[in-house]
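Report on one structure; see the data block that follows.
Labels A, B and C are assigned to the chains in the order they are written; within every chain, residues are numbered from 1.
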Amino acid sequence: MTTLKTDNIVKKFGGLTAVNKLSFSVDKGEILGIIGPNGAGKTTVINLIAGTLPVSEGKIYFSETDVTNKAPHIRNQMGIARTFQTVRPLKDFTAIENIMVGSLFGQKKDLKAGREYAEEIAQLLNFKNINKPIDELTVLELKKIEIGRALASKPDLLFLDEVMAGLNSEEIWELIEIVRKLQQQEMAICVVEHIMKVVKELTSNVVVLENGQIIAEGPYEEVSADEQVIAAYLGEDY
Amino acid sequence: MNSKNIILILLAIALVFPLFAGPYFVNVLTTIFVFLALSLSWDMMLRTGQLSFGTAAFFGLGAYASAITVLKLGWNPLFSIVIGGLFAGLISYILGYAVLKLREIYFSITTLAITSVFSVIIRNMSDLTGGAGGATFKSAIFNGDPTKIYYLLLFLTLVVIGISEWFKRSKIHFAINSIRNDEVTAKSSGIDVFKYLLLVFVITSIIQGVIGAVYAQQYAFVEPESTFSLNFLLLPIAMALVGGIYSTNGPIIGAFILGIISEYLKLIIPYGHLIVYGLIIVIVVLYMPSGIYKTVKGKMLTNNGRRESYDHT
Amino acid sequence: MSFSIKENKTILFALAFIIIVGFWQPNVLMDGIQRGSMYAVIALPLALVLGILGVLNLAHGEFLTVGLYISYMFYNRFNLDPLLSIIPVSIILLVFGGLIYLLTVKRVIKEGHLNQLLLTFGISMILLEGVKMIWTTRPRNVFTDYAYASASIGEFSFGTYGLIYLLIAVLVLVFLQLFLKKTRLGQATFAVGQNPKGARIVGINVNLVYLFVFSISIAILGIVGGAMLPRTAIFPAVGSPYSLKSFALAAMAGLGNLNGILFAGIILGIGEAIINAIPGYSGWADLVFFGVLIIVILTRAFREAR
């Protein structure tokens, strides 16, 4: 049973087709890379699958259930979680409270259980100062609570949208280790990245987008040698 | 002296107040309770990020619903107050269902419009409502006994304070704040934004309806112009801004400060004393977004006050 | 976003509507056109500020009230004919609007809708109560002989004063078109309306544009005020309903569609006039605008939900 399957999903914004008949799938414990030049539609795909945007055409299947018309909060409760390209922390809350939002509503836990679960997630992420307010956090910490909030809803499918951007080598490796731990827990993970080193390290399979369509699919080594991909991508290298 | 003790002392004073104060002061405090409840209810909606101009509208609806059940159906005034609240809640549910899918100016403008709409409708259904001239009841609730009315409103105000605190301490707090901070993130984290907005909208409208009903029963009189008066919109907003929005304490403090000032203003400036509240709103929005009370308190403790805007966008 | 097919259908329906009303009750048609033009001229400045500054001025109607009272003052003290007082009043309101912008609106432009709405709400209360303080609630009236001028077409005679609003509306629209296309400040204004950040990068003084648009919008209210004076009983809350009615028109016509506002205004004006003419139901006439507002908002809600 595949965790995620999209069936020819299309997204049009007025006259502009941002995503054009996209079909792909992700399995349990698989890490799929989604790459492509800027404007290729990568974040739109995440928005479509997470439900932030409705599809214009096509279907989305999550664990064999048709979620195409389900609201984003329902999809999150069912097990789809995502991070945002620009971190969006909730300014009125501390770090741990940010993570708690995921466990309180993604999992519908009560305040006490929600907090406990959030603390476990913080542990998993090596997050030390859980009671710090948002404006005192470093970039890495902000990324961690973004991931933490997504993880706290106990997803079976996780989208990481350019989560490595703005981090140094050490920090990137730390996150790579964390993603590997998640993979061991049989989570299906989609990683949208511009940093090819990360894609090479983490992913078993890669899907290349250009102008809203998949132009290549396969393991990183194959795809990175593909002429079409190189042409589309010219220069986006870590 | 910690805050729990302060609260208990204030509560004790409130409970025995009518025993040693004359009817004028009891009436002043009763009126403060009315506006306090309205102000808190406005703030509770504001915490979700939506600015509602509908306090006077639901206040008036509750007043009229209660008036009609007493005048036309002869029901018990206390029961009619419940009806007032429920009716306001019903209308707000229907309205909210339609309009809460939109945000910001469309929601705010609709709440501003409904006051006029209800007023026009009530004015025109004169058989039912007494039309533009209004309607008077045979007697006020509790036969006008100011002490009983005082305790009724004290009780209701404590309930509203309780609801406000519940919103702040329970899981709902996380939902409301997340929605206000970043709706998209809230949605993606499993929060049913629409459900929570509708819930808060209906609860706050019920509060406004109940308070309106009590007010109508207290004065034994409804009339479109005074029942839907801007007073019941302007003052609650000014009070919350003065005391500090997004809090339970803020509207309480604001209600007392402005409630007492208002008594003097009415005497000094016969026409247009409401101008002060307009000025307060403008000044607070421009210079003291965290409220006059907090700003002054902050300066006194030489705190490093940060400037916050109301919307965290 | 293009509405061409839809727009043509709407225009055809509207023309049919106008012709039918014209034959059935020509008085109502005349009344409607005159009212409607008045609503449209009042709505245009609100739409301008909303479109270019992105601010919904809840004090819009109260500025109109101020314009009416100042015109009244000129009539009362200097015996100045209301239509002539348009000149000084619009200048006074131009300056007044500019001051209000510089002191208050400017500071909340970047602060988001909540603060802007609260601010303009506060200003509307200040203006409303201020007028009450100075002039009390006693209604004022001005009498001129031309206010009740009439003309006739065959058997049908009608009041002609209200056509002045149509004239003003057309003049304002023409002026705006020329201004936006032919003058530098106009082109800058247009740019800012489209994309304020981009305009700033290109070196346009966005703040100056905002100041200008806001001031002109209040000045236009001064012009309308002078024109309204001969036919309107003035009291403190006289202008207040126009804030919402103007927003209803602006929302109905669609942001940026200024010509559409005149069109929508006339249709709604006729609608209001029809209800007004039905015996026993005239009290409900005000609801025409609110009804339309609710419908427009609901249509949007459904469109956005999908």
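Some observations on this one:
The definition used in the following text is that contacts are C-beta pairs under 8 Å (C-beta built on N, C-alpha and C of every residue); 3 or more make two chains touch, one makes a residue touch a chain.
Since this is a predicted model, take the numbers as computed values, not measurements.
Chain centres were defined as the mean of their Cα atoms; on that basis the chain farthest from subunit A turns out to be C. In this view the innermost chain, defined by its CA centroid being closest to the centroid of all protein CA atoms, is B. Between subunit A and subunit B the centroid-to-centroid distance comes to 43 Å (mean Cα coordinates, whole Å). If you average the CA atoms of subunit A and of subunit C, the two centres end up 49 Å from each other.
Between subunit B and subunit C, the centres computed from C-alpha atoms are 32 Å apart. Subunit B contributes residues 170-171, 174-175, 177-178, 180-182, 184-193, 312 to its touches with subunit A in the complex.
Across the complex, subunit B meets subunit C through its residues 46, 49, 51, 53, 98-99, 101-102, 104-106, 108-110, 112-113, 116-117, 120-121, 123-124, 230, 234, 237, 241, 269, 271-275, 277-282, 285-286, 289, 309-311, 313.
In the complex of the two chains, the subunit A residues touching subunit B come out as 50-52, 71-74, 76-77, 81-82, 84, 88, 90-93, 97, 100-102, 104-108, 110-111, 114, 149-150, 153. In the complex of the two chains, the subunit C residues touching subunit B come out as 56, 58, 104, 107-108, 111-115, 117-119, 121-133, 136-137, 241, 244, 247, 283-284, 286-287, 290, 293-294, 297-298, 300-302, 304-305.
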